[in-house]
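In what follows, chain A forms one complex with chain B and a second complex with chain C.
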Partner chain A sequence: MNAVLQETAKASVSPLSAQGLMHGFDGTKVLDGVNLALTPGSVLGLIGRNGAGKSTLIRALLGLLEPQGGRALVFDEPALKLSDDAKARIAYVPQQPEALAWLTVQQMLDFVGRFYPHWDAEFIRLTLERWKIQPKRLLAKLSPGERQRVDLLRALASQPELLVLDEPAAALDPVARRELLREIALRAGEAGTTVLFSTHIVSDLERVASEVAFLHEGKLLLHCDVDDTKERYGRLWLPAKMSAAAPAQSLSRRRNEDGSLSLVVQRDAHGQWPEAATLTGARVDALGLEDLFVEIAE
Partner chain B sequence: MDASLLTIQPNAPEPIYRQIVEQLRRLIASGQLVAGELLPSVRDVAGFHAINPMTVSRAYGMAETEGLLERLRGKGMAVAATRKPVQSESQRMALLETQLQELARHANELELPAEPVLRRLAKLLGD
Partner chain C sequence: MNAISICLVPWRTTAATQRWLMLAMLALVWIGSAVYAERGFGDGARWTGAILSGYANFLAGMILLAPTLLLAVDARQLRVPRMQHTVLPGLVLYGAMLAAIPTILLVMAGGEWLGVFAIQVMSLTIGFTLGMLPRYFAALLGFVPVLLNVFKLHFAPPHAGNSSFYDIVACVALLACVSALCWRRQLRAADPYQQNFGRPLVMQVGANRHGWPGWFVPRDSTRQLLSMPAWMQPVADVSRAGPARVAYSLQIALGGWLLPVTWQSRLMRWLLLLIPTPVIIYLGFASAGWSLRNMLHALLATFDVWVWLLGFVGASLSLVVMMVLQQRWRRDNAELALLALLPGLGNGRPLVWQLLRASMQRMLSIQAILLAILLAVALRERIDALSLCMAILSQLGSAAIVLACALCNFGGVRLPGWSVGVAAGVCYTLLGLDNAYMPLFTRATEPDTLPVLVLISAWIALILALATLAWHGWRGVQRRAHPFMPV
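Our next item is the complex of A and B:
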């Protein structure tokens, strides 16, 4: 194979994919057949309620947890048996970083940096300075927000091809959060980094994500383009006397107290809403992602 | 033009790329952006608003297709040379004069004081 072909083959490999992932704890199903394939260069935002299994899914995808069924691939290698080469291309920030807590910030970063071929020490120096984090402090003595920032810094400095963040904004203040989102957005847009991040803050996701997936009851619902999702789905409201006209197909269906119906519906291939939407008295409202998520997760 | 001139509402049902195109359309129609004026780079807009650069590229591309913007070699995007503001502000105000006189007459007939009417009007104008 010549070099060009090899490059093409490399580019089309999904950085992260899974088929039929199953997992549970104490008899409760957390993952119930999750399928996923990240497009290179995309930013996928994973939404789900607290306890929906976002962290479990991420850990299973990266091979940090052995799923009870199905399999995950990282750059086409089994996640549970990753080569050092594949490991050097990914960076993962857990929700609560705890590793190497007995080291100082600088010691940890120097230690970790040795494992990465593209380590950016200058980026670390500048960012620590800007964030006013003393390199000599012990990791164990940092506040949760500072600890999370140091770990994000560690992940970004390795200039990964795949960046996986579990609730990265959880312990950050609004200014730091915005800065992190900016970093994610620009890395994806300019360096072509593929990003997966989980969050329950939908507006964060809407800023930077190109795709969104809802994790609900162990399954991934609606893995699609963010703009497309906003344009394709809407809330159809039908007064009580017209509820018989409701389309059979809808993502969610709720009967309101006055007998009227609220349904989440989608446009067909020609951009048309279901027929019931055209009846006099019916109404279709645009749905933001947060509303869509709430309607479906309820 | 500065990236801060755009307002982005990530949680609105309207996709961000559409929000950008809509604002460019208005800024150009009102003459706040004039023909030939350079737009901020995709990176500047994405960085300032912490949004995905692909979203900004998509908006610029759409505005270019619509003829609002044109790509200048080596300089980036600029307001298309053919774009002119609808008229000067005073000319556009003149177009409203009849309706404003009518509104004032109705308000007087109803013996409404100026203040609540202006307040309501300001709200309608999205102030």
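Our next item is the complex of A and C:
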């Protein structure tokens, strides 16, 4: 009975969460009070412009840097003091993997595999064959794309419960990218792996993510289901003479050359647009994920 | 092409610090040589002055003139109009100036212009050619003292028309041809920036692009791997890695000199060390007048000296380890991220202890053996207690460098990038001075107490400074949640 209860509690714990994360470099704020919690089994796409702080957020979430404020938890343990048990359940692939360049592909996988209890050597053998990567090649001599694929392989072979990928498709060709996304979807769907991946390629996110989080200038502007975004967010256009009626709360606000206002607004708890949307002359346009991203990030 | 562009060539090929330090060194050596040539005794002093200036010009050829190749390659690759045509005239102009200035100074001091000029041109050409050749040719620098020793027996000052003068002319012509071939090959290579074992020394050091382009900044180990042929690459032995052997696994993850390799790979390393042996034997024979007995006698007579040189080996090992640790703790997304999330390595103080073991165990073992040899020879020679103390302190100082550096990295105390260079400078200077005052070197029956005491104080001061640094590092270690965060 106790074991069942423990398993249930384990399953309901957020694999990765942050409260008020703050960090900066050389006086510049990179993370500004980020709150985030991943739902078990979800695939969260973290999106933001270059330099928005995605990599820093991921590093802080995993305890790879000490944030200046706030705290991060991984499987309910402080990210900076993870137990071996928690570490065995995580896999992380950095943006440009550079580790262990002095080992061959086979040596690196053999070395890392010795530390994981559920290492899948067969998956490695088959995938290396399918991806046509020579196991005896030195990591230093692989192209950036091949290097990223080998690191993805390393991450997937440990059969993690939480997979964190920092711009995983950045160096991949379209075929490899599609294959990676398929693998992510498969892992999440069949094995219940929770995935967090950062990207600025919206189409990748639409293809596999169940949730999306927008990071802009160190702040998490929104975090919701991907399917909800079209329904929940819209662009409110107000002619110049009505700009005084613009709602105070909006995700972005831009004044056009003719004096009119464009705002990204969201429905309230009752599913209603802000009051200004009902004014004569005002217009609400549905926004696709990419348009929403551009509107917010511009 | 205009005169200003030609004059600006060194400004476009060298960093400001590099340029000004070289110019200051050249000015000092040129003036010093001229003063020595004028005030020294006889013709010999003038030729010594010319050779001293020549040594400075050798460095200028390598550090100031050879980097013009970088500009030539960049100009060609980027298709910058007209720039390609300014490089060679700039090279010739500054080469001529570097040869002419010391010649004028030495002629004013009474030297013979043609001979002095020939030595300056030859020195510049040797330096420049070394910059054009692959970096393994730089190992020849180690043979310079022996080569000078050998050639001085056969060397006559190069007067106009004598055979030495024509030897120099022939040597310059040969080196100029070699340089031209290397220059042309690199310039026209399909990918002149490609990392390979055969690329010119100047391309290797120029590729670092740090403040002091490359010459004194340690090369990243990944870059080193890229430029190594496959048969020279170390083969790691990962068969014994795992949570049961944390220190061993950490050594694999830290790589570089700490990487545990297979016995075949270790054997290959030793074989590589044997490559220069025939050259050493040849030079040894030549300097001993081709007599085996003389050579063996010379080896036995200088045996103690070789033993003392082991001190340098110990210090060099420390610096190599320091360099590896500095490189690993500066990269965000490489080994640190992997190690921070690798299960089975443990946490807290036991992990730091394993890290220290991984970083220092092999180095300390070798240093202990070196120290034992050193002490055995010192006892056989019955050297005094102060000298013995100096020898022990030098080994302790070398080990303390790594301890301080390791704890600073683990504890997040940032050491500047040039700290390896400074540590090397201080350590080698003190070791050099140690050797100069050792009874084994000076063959004095009674060592000069005051300089030895000063040296002992300097070593103690260095060790205390390193201990303070290590203490700061240790406090950082206790403050930090785990050691795998970049500094």
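Note that the second predicted complex is superposed on the first by the 272 of 298 C-alpha atoms of A that agree within 3 Å, B and C clash if a C-alpha of one lies under 4 Å from a C-alpha of the other, contacts with A are read in each partner's own complex, and residues count from 1 in each chain.
Simple rule for what comes next: a residue touches a chain if its C-beta (ideal position, glycine included) is under 8 Å from a C-beta of that chain, and two chains touch if they have at least 3 such contacts.
Being a predicted model, the structure only gives us computed values, none of them experimental.
Peer 1: After the overlay on chain A, what do you see for chain B versus chain C, clash or fit?
Peer 2: Fit.
Peer 1: Of chain B and chain C, which one touches more residues of chain A?
Peer 2: C
Peer 1: After superposition on the shared chain, which partner residues are touched by A:K81: those of chain B (first), chain C (second), both, or neither?
Peer 2: Touch partner of A:K81: chain C, not chain B.
Peer 1: After the superposition on A, what does A:I90 contact: first (chain B), second (chain C), both or neither?
Peer 2: second
Peer 1: Examine A:A286 and indicate which partner it touches, taking first as chain B and second as chain C; both and neither are also allowed.
Peer 2: After superposing on A, A:A286 lies in contact with chain B but is clear of chain C.
Peer 1: Considering only touches as defined above, state whether A:E231 meets chain B (first), chain C (second), both or neither.
Peer 2: The answer is first: A:E231 touches chain B but not chain C.
Peer 1: For A:R207, using the defined touch cut-off, is the partner it touches chain B, chain C, both, or neither? Pick first, second, both or neither.
Peer 2: Touch status of A:R207: first partner only.
Peer 1: Determine, under the contact definition given at the top, whether A:L100 touches first (chain B), second (chain C), both, or neither.
Peer 2: After superposing on A, A:L100 lies in contact with chain C but is clear of chain B.
Peer 1: Minimum C-alpha distance between chain B and chain C after superposition, to be given in whole Å.
Peer 2: The answer is 27 Å, the least C-alpha separation in the overlay.
Peer 1: For a test of understanding, state which residues of chain A touch chain C in their complex under the given definition.
Peer 2: It is residues 59, 62-66, 78, 80-85, 87-88, 90-92, 94-103, 107, 110-112, 114-117, 138, 140-141, 166 of chain A that touch chain C.
Peer 1: Residue numbers of chain B touching chain A in their complex, please.
Peer 2: 8, 10-18, 42-43, 46-47, 49-55, 58
Peer 1: Under the definition above, what is the set of chain C residues touching chain A in their complex?
Peer 2: Per the stated touch rule, the residues are 221-222, 225-226, 233-234, 236, 238, 241-243, 249, 252-253, 255-256, 259, 331-338, 340-347, 480-482, 484-486.
Peer 1: For the complex, give me every residue of chain A touching chain B.
Peer 2: 43, 178-179, 181-182, 185-186, 188-190, 202-204, 206-210, 226-227, 230-231, 285-291
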